[in-house]
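These notes are about the structure you will find just below.
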Amino acid sequence: MSNPLENLAAAFERFPGIGPRQAKRFVLFLLAQSEGSRTYLADTIRDLGRMTASCPHCFRWFVRASPSDPDTQPCTICSSPRRDHSLLFVLEKDADIDNVERGGFRGVYFVLGGTVPLAEEHPEQFVRIRELLARVEQDGSRKALSEIILGLSATTEGDHSRLLLEELLRPLAAQFHIKISTLGRGLSTGSELEYADPDTIASALSARR
Amino acid sequence: MSNPLENLAAAFERFPGIGPRQAKRFVLFLLAQSEGSRTYLADTIRDLGRMTASCPHCFRWFVRASPSDPDTQPCTICSSPRRDHSLLFVLEKDADIDNVERGGFRGVYFVLGGTVPLAEEHPEQFVRIRELLARVEQDGSRKALSEIILGLSATTEGDHSRLLLEELLRPLAAQFHIKISTLGRGLSTGSELEYADPDTIASALSARR
Amino acid sequence: MSNPLENLAAAFERFPGIGPRQAKRFVLFLLAQSEGSRTYLADTIRDLGRMTASCPHCFRWFVRASPSDPDTQPCTICSSPRRDHSLLFVLEKDADIDNVERGGFRGVYFVLGGTVPLAEEHPEQFVRIRELLARVEQDGSRKALSEIILGLSATTEGDHSRLLLEELLRPLAAQFHIKISTLGRGLSTGSELEYADPDTIASALSARR
Amino acid sequence: MSNPLENLAAAFERFPGIGPRQAKRFVLFLLAQSEGSRTYLADTIRDLGRMTASCPHCFRWFVRASPSDPDTQPCTICSSPRRDHSLLFVLEKDADIDNVERGGFRGVYFVLGGTVPLAEEHPEQFVRIRELLARVEQDGSRKALSEIILGLSATTEGDHSRLLLEELLRPLAAQFHIKISTLGRGLSTGSELEYADPDTIASALSARR
């Protein structure tokens, strides 16, 4: 017969960054909570699917205004008249959006769903490349898009993904006069010259102004 | 209106060792799971109270053989005829038991529920002191107990708790001829003399053999 | 009477990043070396002053071609015809030069000697501000300088120093048509969007291209 | 022609725990010191051999009372009438002595010079095994030794060395009625039960009292 303590620990072990020891501590923490706290947590987890949706425009997760809303309803950012819809920021994952918002960006987003693994023949099975091209074609054809910012990580996989996207987006960009840009590289806040890597210094030098 | 994504992140932030960023990643992780996975996790959390109980003898959490079992049913260790019930290991928390089991201990346990805060006038409000004294009196009076091992952390609060428990247990120990012992101090596995603190070296010296 | 083991440990404790324990390990390491190794190390340290000089142009430390060279002899970089002498990179310390060289820079340098402490009324007592102004005036008046790159750390003190230098250099820059530039800010190599701070993202956004 | 800055950095790179970057920072630090400071450091390093000696009894490094003392002069601990010379603490290295002194030990020492590598056929080429046996034989034969404490690290190599020394010392110990003891194992100061390894818990259990 299955052991609910072990089952729950095993479920928590699948959470990002959680090892066996911390998974057990989560279980002991929940055991020490009130019945009411546990029920609240359980209900919130169960209703997640009913209360949230993936935006059909940008693919980020958001809370529906009402559970009865149709799935075609865009998210609060995509439907806001106060955002600049001509500026499309392509990023890897939902968690990046918070940071870009804090950086002061006021355009709209597209969540790629990750980076493209190196030497992968079918990248469209990993990230939303087809969906991005469709979005750009649609927005571009009605002259609603002026710039696509490829906001990928400054890592090998991020660079690989960026080069691939640039290549795939180039024909549409030419057709609809859309600029493709990438985030500036250089010294990040708090970094010292002595500990910067040569690539970063080369970028910071060529981006000097 | 409340936001279920933020509510869930706030609930995860209360988990031990989890900050705001990781709490959000947990939410995004769950959003990416199937409806079925989320329902399974929610059900396991909700049923935790019904499926588990705090043992009335040792106070550790365990899985009931059947949800209809009475609350007075002891846990599998406390009810096992293969354990040495004359040897009582007093420890701070459930999570310690796994380690002591792996260390080869085959007696029984008592979970104190923590250490006693320093300069606390009512320690019995924090840890199960009254319950421990009752247990020792009961087991002692039927000559079922020969030794109490105070297995507390080698920290200031652990030492404080140990001294307090020794004082409180002394009359019962004298009355029922129960030995009170504490875990040996010394070099722990993997440690080098050069990096050991003077207290540990003094303990290791006096415990040499 | 003084103890040479303790004296030496105390001297090593003044080395950057060295605590009392490692200082002692250095002494024990030297004790275990041969007499010859120690004499070699001692001689190299003693001759440091005689063999090296601070370049009168850029103020970096370098090895003299001959100990009998006059102190007015510039360093190998400042006297090289293969460097672009119209491009002056102002940096905090000698240790930064290696990194900038690896980043591909082929102009010349000026070592400021640190950053200016915040709210310091006499910054010229801390860093080579007067020397920098004299150098720029001299090079500018013979039309030998086209750009000054302020390559300071992306920290609060680095920014403070940069603003101060910009203000002090502005009149000379206007008079001699010298551009003043600063290193580009943005994502540094290896960094991910999710973990970047808002300032860095804002810089990366405004430096996009 | 050789470069004294690089030579000195290379010498510092051989220091324990020092990498190329920190070695360079040491050189720049010394360049920024006064001529007098460098000369003082150089003189202290050069005179190390003349001012210090390895004690012929315990093999620790110590400062000679006078450079003209013969090499057969024992160290201050070995020649102190206030130490208990019947209690011999065998340890790996000089750096361990400070810690054992702070732990309150008042006997005498023997510095082994390291641990015996596993599967090493000629351990006497690595550590002072022959010297230890000679010392024990000499002290034992004049009934000056009552206990040898094997104070090795609680690591695999430390345990291996301890077992080997126990075997080699056993005949002399039996002949001269010398007790061989090892340091107690258990929880070290500051450690919590939850994070202790099973070996440490097993030791702490068997050393309880």
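Each chain gets a letter, A, B, C and D, in the order it is written, and its residues are counted from 1.
Methods note: a residue touches a chain if its C-beta (ideal position, glycine included) is under 8 Å from a C-beta of that chain, and two chains touch if they have at least 3 such contacts.
All figures in this text were calculated on a predicted structure; none of them were measured in a lab.
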Query: Chains in contact with chain C and with chain D: which ones?
result: none
Query: What is the minimum number of touch steps required to go from chain A to chain D?
result: 2
Message: Based on mean C-alpha positions, I'd like to know which chain lies farthest from chain B.
response: C
- prompt: What whole-number Å value describes the gap between the mean CA coordinates of chain A and chain B?
  reply: 41
Separation of chain B from chain C, taking each centre as the mean of its C-alpha atoms, in whole Å: 55
Where chain D touches two or more other chains at once, by residue number: 93, 95
Message: Applying that definition of touch, give me each pair of chains that meets it.
response: A-B, A-C, B-D, C-D
Query: chain D touches which residues of chain C in the complex?
result: 3-5, 7-8, 11, 15-17, 21-22, 24-31, 35, 38-49, 51-52, 61-63, 93-95, 98
- prompt: In the complex formed with chain B, which residues of chain D make contact?
  reply: 91-93, 95-96, 99-100, 102-105, 149, 151-155, 158, 181-209
